[in-house]
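Just below sit the structures, each encoded as structure tokens.
In what follows, chain A forms one complex with chain B and a second complex with chain C.
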Partner chain A sequence: MKKTRRIEIAFELLRIVIAIAIAYVLAMIVLFFISEQPMEAIKSFAFGPVSTKRRFSSVIELAIPFMFTGAGMCMMYSANRFNLAGEGIFLFSGCIITLCSFQLAPLGLSPLIFPLILILIGAIAGGILALIPALAREKLQVNEVVVSIMLNYALLYISNFILRNFMLDTSVTYSASFELPESSKLINIWQGTRLHTGIFVALFVVVAVWIFLYKTPWGYSIRTCGLNASYAKYVGINVVVSCVVAQIIGGACAGAGGAVQILGLYDRYQWDSLTQYGFDGLLVSVLAKRNPILVPIAAFMLAYLRIGADIVNYVTDVPAEFISVLQAIIILLVAAQSFLGGVRDKVIYDSAKKGMKAEEKKEEVK
Partner chain B sequence: MLATYMNAEWIGSFLYSIIRISTPLIFASLGACFTKKAGLMNMALESMMLTAALCGVLCSGASHSIFIGFLGAVISAVMIAGIISYCAFFLKTDLYLTSISINLAAVGGTVFVLFLTCGQKSTSAGVINSLTIPQINIPIIENIPVIGPAISGHNLLTYIAFMAVGVVYFLLNETKTGLRIRSVGENPQAAESVGISVRKIQTISFLISGVFCGFAGAFMSMGYVSWFARDMLAGRGFISMSATNISDASPVLSLLASMMFGTSQAVANALQIASVPSEVVSALPYITTIVLVIVFALIRQRREYTRRLRLAASIDE
Partner chain C sequence: MEGISKIYPNGFVANKDVTFSLYEKEILALVGENGAGKTTLMKILFGMEKPQEGRIFIDGKEVHFQNPIEAIAAGVGMVHQHFMQAPSLMVAENVVLGIEPIKGIRFDKQKAISMTQEVADKYDLHVDAKKRICDLSIGQRQKVEILKALVRDVNILVLDEPTAVLTPQETEELFEQIKTLREKGKSIIFISHKLDEVMRLCDRVTVLRHGRITGSEKTENLNERLISRMMVGRDVITSIDKEKAEPKKTILECRDLICINDEGRKIVDKVSFDIHEGEILGIAGVEGNGQNDVAMAITGLREYERGSIRILGTDIKGKSINQIRELGVSHISEDRMLLGCAGEMSVKENIVGDRVFRKEFRKGPFMDRKRIDSFADQCIKEFEIACDSREEPIRMLSGGNIQKVIVAREFTSGAKLIIANQPTRGVDIGTSDMIRRKLIEKTRKENIGSLLVSADLNEVLEVSDRLIVMYKGRIAAFFKDVKKVTEEELGEYMLGIKSMSPEEIMEAAS
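Right after this comes the complex of A and B.
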């Protein structure tokens, strides 16, 4: 039995690697045909992100929000809920903690505690907001995707409203808040880049979610609900509570992510459209196969692709958006049960047959 | 202040804007009726409409023919539906996941194609000389006060949308395919046992909803406005899906639910002129959608509860 499981895991990994390889090949073909300087474009897409220290650090910087939203989506996706509110929560949390930072600045908190308090506020706000689609889904059977997507747009405009009316700095030419208090910002940890301590918070969140989901009875009930809700109900798991908890934690992760993003990389709150990090979280969690411990790797891979596309956009004439189609292809190939399914079944069958033969031989010897 | 709005002219144009804004929602929610009846949730309405909107602009701009532009829009939406059904029903990916990732791909993909064709990422306005589907004045009716300005002078597709309600009703309830779609939705195993290929029927339901989304997308870029802009649907696909869900996939009720959501958007537009902060106004349609969806779910739950009580009482007797 263990052997079968091992083969299955190997094929899962193989599928991810092949999916990414196919996407890369497709990207090369696309770049080759539409770019004026195809070789330049392909080179910067594949190796651009590691060509300089600045670019490499920007991959890691981008992986930080992916880790937060990815861990959050792992939570929700494990309960088989596609609560996409993380998108709006990420943005709203950034807005609300900026507002809070102005309120808390006169207290003179130390730069060690101040950001942590703000991140906590962001997480709490995220948890509460994720409750709206969660309760609608569990109590009223309303599709959570619809409610969460509507919530995203609502949160976007509410954040814009808060920015315009409560913290707009009219002394700058673009629409942005006042400058964040210096003591609230996360500290830079790599000279010459923008990499900040948020990465430790991200890793902490990822590990915490992993422990919760895979090492505690609550996590087990959440995963059971996701795999088979009727079974979970039958064995006495409270499906409603488990799924709501999963979505609250997922929302809290996204909220913490929004706070870290603002405190780590920005001087002012200035988002005026949805950041897309919430949706990227779904991609990360699919790549990570719902397992939070794989989230950092998946986040890094996605960030690598994105920065590669950005560099292509910057260096050549190809817009970075081509990456979004490739992402969909990767997701579909990774999620497709039938992709390489036949080969996997054959390998499992052969190994089982071999095992049986070996046992027969053993018995003959006896 | 109210007095300035309460005249016949304003009411006429307000009703006109409700019908105009509701048109894409009606098409898309009618399309979603088919998939809903087949027991599936079509969350890719958004991407089908967005792709159709872009292809309508590109095809009509390239061919200088309204019909080819319209055809391009419908075909592109059906192709998206085909991709989704192939992945979900034949490659066995999760349908939700497929739809969501196709939605994301459509947002980026349309911007990508827009940049390749127009050289800019925000809108096709001014670059591509795309055509619009003509508006139609209904003879006699257009002269009636209030009603005339409200229901005459709409885009051809708007009238088709209202007529399509009857067509959808007929297709679902009076044809063999409609019967099969409903039987697959009611009980896939039973349908399979009498020789109906479930995934074929599911694919058909998706393709039909693709056709309707093609109409909706064509209306968006060739009627509602005359250009394509990035992310121009702004959640309309999901609003239409809510309309179908609220109405339990009945075509007539879907029409009414779509018009209800259209009204909330029209009210928001009217408030904008009345100097309410624009952010609040923009958030309004989305918040009303959430509230309405929840209210209708509460009503349904209550009704279900009393029905069960009554059933239990009748068994006791």
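Right after this comes the complex of A and C.
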């Protein structure tokens, strides 16, 4: 039976490799028809992101928000709740901490403490907001997917309202807030790039979520609820509380992410549409198989694909939409549970049969 | 059907060399305990399962059904135990589902209604074809189910425990209708384990036990006692030695417990009993007579409407499952995979499922991995759980070993009261024996109370000290000394042929 487990893990890895290979082969075939410079395009897509320091750092910059929302979704996904409020929370948190930064600026906080306080505020706001779909689900049996998606739009328009009415800087030509206080921003850590200390916050959050989920009894309860809620109830776990807690923490992760994104990369709050980082978080958590420790890898992979697509878009004649299709194929094949499942089952079956035969032989010898 | 054998992929032999026949214009009863193979046999006839061996003949012609559609075409119809209906559609729409009359490209509703009405009138099955299913009573829904088969013009009709959900009046009406069907030339197979119904309705009885036919006889040559013996008579396995119980303090006190199911019927009706330290109380009965609900009520998995349950003097009404567990109750549930474990989690995680918050398994806010690991290893050794390591997902274990993990968890929780609900169902003989021995050993040595709910007569007779038989939610019999009870006697109480007077029960319970 140990063998079975090993075969399963081997197939998991094999599946990812084959998925990526298939996607590239498909892309190659199509590119030969639609592009003047197909090899160039493939090369840019595959190796573009590591070709310069600047490009590589932008992969990591992009992976940061993915890590936050991915860790948050892992939390919710572990409790088997698909609370998608992370999308709206990410944006709203960015807005609310900008507003708070103006209020707190006169206190003259040090540049070490100030951003941390703001991130904490973002996390708390996120936790509270995630509670809305969570309570609707656990107390009123309303599907959390529906509530959270509606909530996202509500949060978008509330954020727009706050921006217009409380912090709009009319001296710039686009719609944006006043400039963030310098002491609130996250510090740049790599000369010549925009990489900021938010990466450490992101790694901290990922590890914290992992420890919580896998090393504490509360995390254990949450995972049990996600895997078999009836069993969780039977051993005496409070399913409602566990699932609500999971969603609060998930929301807090997204909130922290929104704050880090604004403080790390922007001078002003200027989002006027949903950022998509929340939904990408769902993607990351699926790729990471709901295990937070795999989130950095999944986030990096997704960011790599996205940056590769950008590069192809501006160095070759291939349209960006084509690259989206390519991304979709890779993600689909990696996430598809039963891709290669038939072959795997056959291998497991054969090995079980061999095992049986070997035992029979042993007995004969005896 | 001739020489039918069916072995499920998990190795369970459901039918072994079964041969039986059904004549024209006949009501044949197929009786047997749960798990005797009645339903499997009928599923084979209806094309839902394929047998490994055997042949089926209808009107002398051999048939091979790949699926129910072919079976229906050959004139076999089946009414399932659980209704298969779309509640929001009207009766006629449900009846014609799959053979919808069409006008152009549109569904011809008028035709559907007239078709339904026509068949309903022909067989005296009065249902309003225009009503929606969700507005009907259970009895009427049953009729719809029969109509569904009749509208497809079948000659053989299989009814799988049709009276299980009906009130006595509805049952009476159904019987009249079944007799009408026989007069109109249909042949009927009636699956049941309610012997009084079988005696009243059927022309012939075929009995199944452990997947084999144990008898086939005309009803007039039989009585309930004879059938009961054919159903439950079984081979005696090695008995377990145990000392006599010396009951002391009361651990569980259950008084006038009443549970009402979703359909508003009393599924548990005024059940009272005590469990004392160092004793095992058994509850025997054919499944579905309320035993499971008693176990669920005590463990907090289901609410109870009236009566009281006290554990070590504390009333558990309104308490959460966790609070009840903390009072010292542990529970081996009848559904291993749904309630007993989380398949994706490891053996280790399943063993400590109920106690991760306890101080002894924690180091500050974290789980104490070393302590949990060594505890899990100890359990694996003590309960002889065959697994590669404690980290293996429990779903990869065999059924018997999964049950051992559950038993390991529930037996080591430091409980004062163990509720063992069908602890050995679907488990191999070796493991069953171990579980029974451990239950007795634990009860005696640690002076705790145990409740054993089981449909396995050997098990209840061997393991329990005192024994209740439940029938239709009531206590039909209460035995102070299990040693004096025979299986035949037990069978008669289980099937409702005999029942003790309230005075006798009171006397035994005191």
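Just a few scattered comments:
Methods note: the second predicted complex is superposed on the first by the 314 of 366 C-alpha atoms of A that agree within 3 Å, B and C clash if a C-alpha of one lies under 4 Å from a C-alpha of the other, contacts with A are read in each partner's own complex, and residues count from 1 in each chain.
Note that in this section a residue touches a chain if its C-beta (ideal position, glycine included) is under 8 Å from a C-beta of that chain, and two chains touch if they have at least 3 such contacts.
Quick caveat, the model's predicted, so the values are computed rather than measured.
Put chain B and chain C next to each other and count what each touches on chain A; the higher total goes to B. Residue contacts after overlaying the shared chain place A:224 against chain C, while chain B stays out of touching range. After overlaying the two complexes on the shared chain, residue contacts for A:9 are found with neither chain B nor chain C. Judged by the touch definition given at the top, the superposed model places A:216 against chain C, while chain B stays out of reach.
Contacts of A:328 after superposition on the shared chain: chain B is touched, whereas chain C is not.
Within the superposed three-chain model, A:161 lies in touch with chain B and out of touch with chain C [touch as defined at top]. Of the two partner chains placed by superposition, only chain B is touched by A:82; chain C is not. Contacts of A:147 after superposition: chain B is touched, whereas chain C is not reached. In the superposed model, A:236 lies in contact with chain C only, and not with chain B. Once the two complexes are overlaid on chain A, none of the chain A residues touched by chain B in the first is touched by chain C in the second. Residues 299, 301, 320-322, 324-326, 331, 333, 338-345, 349, 353-354, 356-357, 361-362, 365-367, 369, 387-389, 392-393, 396-397 of chain C are the ones touching chain A in the complex. The touching residues of chain B, when paired with chain A in their complex, are 41, 43, 87, 90-94, 96-98, 100-102, 104-105, 107-109, 111-112, 115-116, 121, 234-235, 238-239, 241-242, 245, 277, 279-280, 282-283, 286-287, 289-290, 293-294, 297-298, 301.
The part of chain A that touches chain B in the complex is made up of residues 34, 82, 84, 132, 136, 140-143, 145-147, 149-151, 153-154, 156-158, 160-161, 164-165, 279, 282-283, 286, 319, 321-325, 327-329, 331-332, 335-339, 341. If you check the complex, the residues on chain A that touch chain C are 1-2, 4-5, 211, 215-217, 220-221, 223-224, 227-228, 230-238.
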